[in-house]
Amino acid sequence: MIEFHKNWLHRSYLVIKDKYKEIDSLDQQIGDGDHGSTILRGLDKVVNNFENIDINNEVDFMSEVSRLMRISMGGASGILMTIFIKESTNLNINNIHKSVLNIFSSTIEKIKKRGKVNIGDKSILDIYYPLHVKINNEDDFLIDEIFSSIDSSLQNTKNMEAKVGRAKFLDTKGVGVIDPGAFSTSIILKEFFREIFNEKNN
Amino acid sequence: MIEFHKNWLHRSYLVIKDKYKEIDSLDQQIGDGDHGSTILRGLDKVVNNFENIDINNEVDFMSEVSRLMRISMGGASGILMTIFIKESTNLNINNIHKSVLNIFSSTIEKIKKRGKVNIGDKSILDIYYPLHVKINNEDDFLIDEIFSSIDSSLQNTKNMEAKVGRAKFLDTKGVGVIDPGAFSTSIILKEFFREIFNEKNN
Amino acid sequence: MKKIINLKENIVNDMLNGYVKANSDRVKFFEPNKRLIIRKNPKNISKIPLLIGNGSGHEPIALGWIGEGLLDANVVGDIFSAPSGDLILEGIKLFKSHPGIVLLISNHAGDVMNGEMAIELAEDENINVKALIMYDDIASAPKGKENERRGGAGTTFIYKILGALSENGENLESLISMGKIVRDNTRTLSVAISPGVSPISGKKIFEIAEDEIFIGMGVHGESGYGRQKIDNSKKIVSTMLDKIFDDFSYSNGDILIPFVNGSGATTLMELLIIYNDLEEYLTKYNIKIYKPLVNEYITTQESAGFSISLLKSTEEMRNLWSQKTSAPYFHL
Amino acid sequence: MKKIINLKENIVNDMLNGYVKANSDRVKFFEPNKRLIIRKNPKNISKIPLLIGNGSGHEPIALGWIGEGLLDANVVGDIFSAPSGDLILEGIKLFKSHPGIVLLISNHAGDVMNGEMAIELAEDENINVKALIMYDDIASAPKGKENERRGGAGTTFIYKILGALSENGENLESLISMGKIVRDNTRTLSVAISPGVSPISGKKIFEIAEDEIFIGMGVHGESGYGRQKIDNSKKIVSTMLDKIFDDFSYSNGDILIPFVNGSGATTLMELLIIYNDLEEYLTKYNIKIYKPLVNEYITTQESAGFSISLLKSTEEMRNLWSQKTSAPYFHL
């Protein structure tokens, strides 16, 4: 399964590389303008260093990957966004539905605790949570539905008032702008599911 | 003669008060924008403190006046512009022509030495010197001629390249702008001669 | 963007290299980790080290405060972002043979998350480390909710006083308890005048009109009491002090340590004028003053602005405040 | 104009009051003259005092350098203008019972005129005072005409080294001769990046395009080598050092004291990055470095820019450089 993670992160890296300026510019409107660069830096650090991580055990491998990402990203986003990366090792390709639900529920719980954040606070949680609910309500999942759920969750962050992150300190509370962390999270999650579907179809 | 000096400086003060912004703005173009305020501050300091200067001897009185002006003005202009103020006590109302020539020649000599400055360097000297020449060439002097000599000397500073003062450090060397120190000097000298003519006519 | 730097990606590394080279008699990297700076002559093993992780871009804090009688280590994050808990953990582990360790955390979300993570990981390794969350900025949360306030320039009192106290051999519990007392007796209020430029985005860090100032803005442009027309020093200072005096009750004869901090572009000339008005205000209330600090210590690039911090001091605090330190950029 | 001041006419007085209050343990006015600041604990009567008159607006220099092991008195002029010779004379007279006095004069027209006047008046009163004209800025006059150069940030070496030497009891002649040696071994070059605002006129002190810097500009905006496109730190530093190395010949194994001075708004982050590149350059030439100084000391309001000064040092100079001082704003 290490290959799964490598592929997933590599794809995510490529998409983020393509879009990081767009994400920076969202963060420029409601933060300090660096989220795209920050997540790109984190992914770059691991994706272009896979060969140097001399660990064969999947859990330890991803634990090192998330440590490296956290270090190179720093800040709140580094610590919060690597929670899913680490939890993802609980994916069981033979029991996708259940294991994905577990990954999401423990990710969400950990983000809430570490980030002192709630649903609707305009953050990455507003991608994870609605998706978790959706998956929970269905027996199986179709990639198109997942993607459209992610897309609509992302759009929903636009009109939220920020209660965490730098946007919370703006007079506007960031209303009217998509949350940059939610944007990058949406990319990483889409690639995660794309990779799952690839695995299934192989 | 103390009254002569008080009247002269008081008149000068009033004219400078009226024009100091204009002088500041010249200095803004070719210096640090403070010459009008600086000379006003110097004159204000003495003119509004005459009653506190408890000295009856003319020479000592004007020596104290120039000391006070120098202290409150500071800089190059403070030291150089008070030279004439102090020398002016050599005015002999019974021998105006000769005493004025002496005042001018020693003022010019002292300014040249202290200021390491020459004729044509775009400075206060370019008012004193041509006027000295003019007075020297004539037996008597008419106020209108004095004034028009001062005015034309002042205009002449406009096209000089500065070799002293802050304007010397400009790319343009201050060409195209009247020298602010020359402007304030022209006012003080005009009032000096006006007061002489008043004395004569009394 | 008009900054004299090399590659944007290397700003922090280049700066740290310059800092360590320029002060090689007093500080060094904890090799090979070039984000962890420590004292050249480490603290005696019997004493309690003090460390902090913080984002950069606010120099000289905190790297400039490493030295005898002040900080033992600084874990340096990228511009305006806290270093990860993993790095802070490395800093903590460095001192694991000491009887205890104090991790200072300025109350900002990223710093707290990463600091707490580091503490949890260190506790898993049975290291005796305690966190002290520092806050002082009265504009960031109302009276009664002091622990929700941001860490501002007044946290300086904690750094300096605990730094001296730990050098004197005090134990972990006493340090933490003194830290809390200092915190509870500190109040800070700041004013933003004009924005600096983020070296990352190349954009202004906040926006403010030509004739306005912003009372209570945080160091990253976080909002506080709000905008108002610019006024003279005496009026701004008294508006600020009125707010601080509403928040904390000072009495006749109290001895305060004032700190006027410049945020980057505000001149020392202005800071001294502000200090003059501040001292006049305090004197009016019969308040005494001990060794004030007036300079730029916690900056946000070339932002103009300043903060006023007041510590109501005890004699012990005053002695510790003026105790000597070898830190390259802390000077009473 | 976005400065936090009270009445424009009182800027300097308000600042000095703030300075003297904030540092009342170390400095005071020579009452009733509120433009003459002296040490609280005066120098021993057998030693040679050091004083200087200078315009304000460049803080912390020189008022911040009053203290044991540095200056004995500072006569403070208005913004950007030298104090009058009469005031400097008052400063000189204060020390007339000492065996001699050094008047430092930075080579700028107003300072020289007023300093010379003060010296003449003091000599008339049989006071044993000697002037030392300080210059170092290589952009202001060509090689061979060193004595026409302006006084720049490198004059700091003279202040500090003579301050320590006089504290050690050296006589007037030795001080002047050491001062000249230090001067002859100092070179400075500066760069202006963006202008500060004059607190008098409310206007920018100089003009410079958004993508340009100006190499060799003097502290009041005086012109030097000229404008060029902004570049990265490494290139700017090497351009500057190339010019300094053209002007002075350094050899393998020389021990230099570098000083990177910020002119107001340039961040410490940048100054440290610049220092990093500077040390790299010097190391390439096998030049050794002793205790560099990196901070804002000679400013021009909130101008952005910096200067590099190098002193080729002897062992004696190095010892004096690092000798302790109590000056409120000088810190190695």
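Lettered A, B, C and D in written order, each chain numbered from 1.
The definition used in the following text is that a residue touches a chain if its C-beta (ideal position, glycine included) is under 8 Å from a C-beta of that chain, and two chains touch if they have at least 3 such contacts.
Small disclaimer: the values here were computed from a predicted structure and weren't measured.
Visitor: Among the chains, which is located farthest from subunit C on the basis of C-alpha centroids?
Guide: So the farthest one, by centre of C-alpha atoms, is B.
Visitor: Please report how many Å separate the Cα centroid of subunit A from that of subunit B, as a whole number.
Guide: 76
Visitor: Please report how many Å separate the Cα centroid of subunit A from that of subunit D, as a whole number.
Guide: Spacing between the chain centres: roughly 54 Å.
Visitor: I'd like the Å distance between the centres of subunit C and subunit D, where a centre is the mean of that chain's Cα atoms.
Guide: 29
Visitor: At which residue positions does subunit D touch at least two other chains?
Guide: Expected reply: no residues.
Visitor: Residue numbers in subunit A touching 2 or more other chains?
Guide: In subunit A, nothing touches at least two other chains.
Visitor: Kindly provide every pair of chains that touch.
Guide: Pairwise, the chains that meet the contact rule are A-C, B-D, C-D.
Visitor: What residues of subunit D sit close enough to touch subunit C in their complex?
Guide: Counting only subunit D, the residues touching subunit C are 2-7, 11, 14-19, 21-22, 25, 56-57, 59-60, 64, 191, 193-194, 196, 199, 210, 230, 232-234, 236, 264-277, 279, 291-292, 294-296, 299, 301-302, 304, 306, 328-329, 331.
Visitor: Mind listing the subunit B positions that touch subunit D in their complex?
Guide: Against subunit D, the touching part of subunit B is residues 24, 28, 32-34, 37-38, 41, 67, 70-71, 73-76, 78-80, 114-116, 164-166, 169-171.
Visitor: Hey, which residues of subunit D end up touching subunit B in the complex?
Guide: Residues in contact with subunit B: 9, 55, 77-87, 109-110, 113-114, 116-117, 198, 200-201, 203, 205, 218, 220-223.
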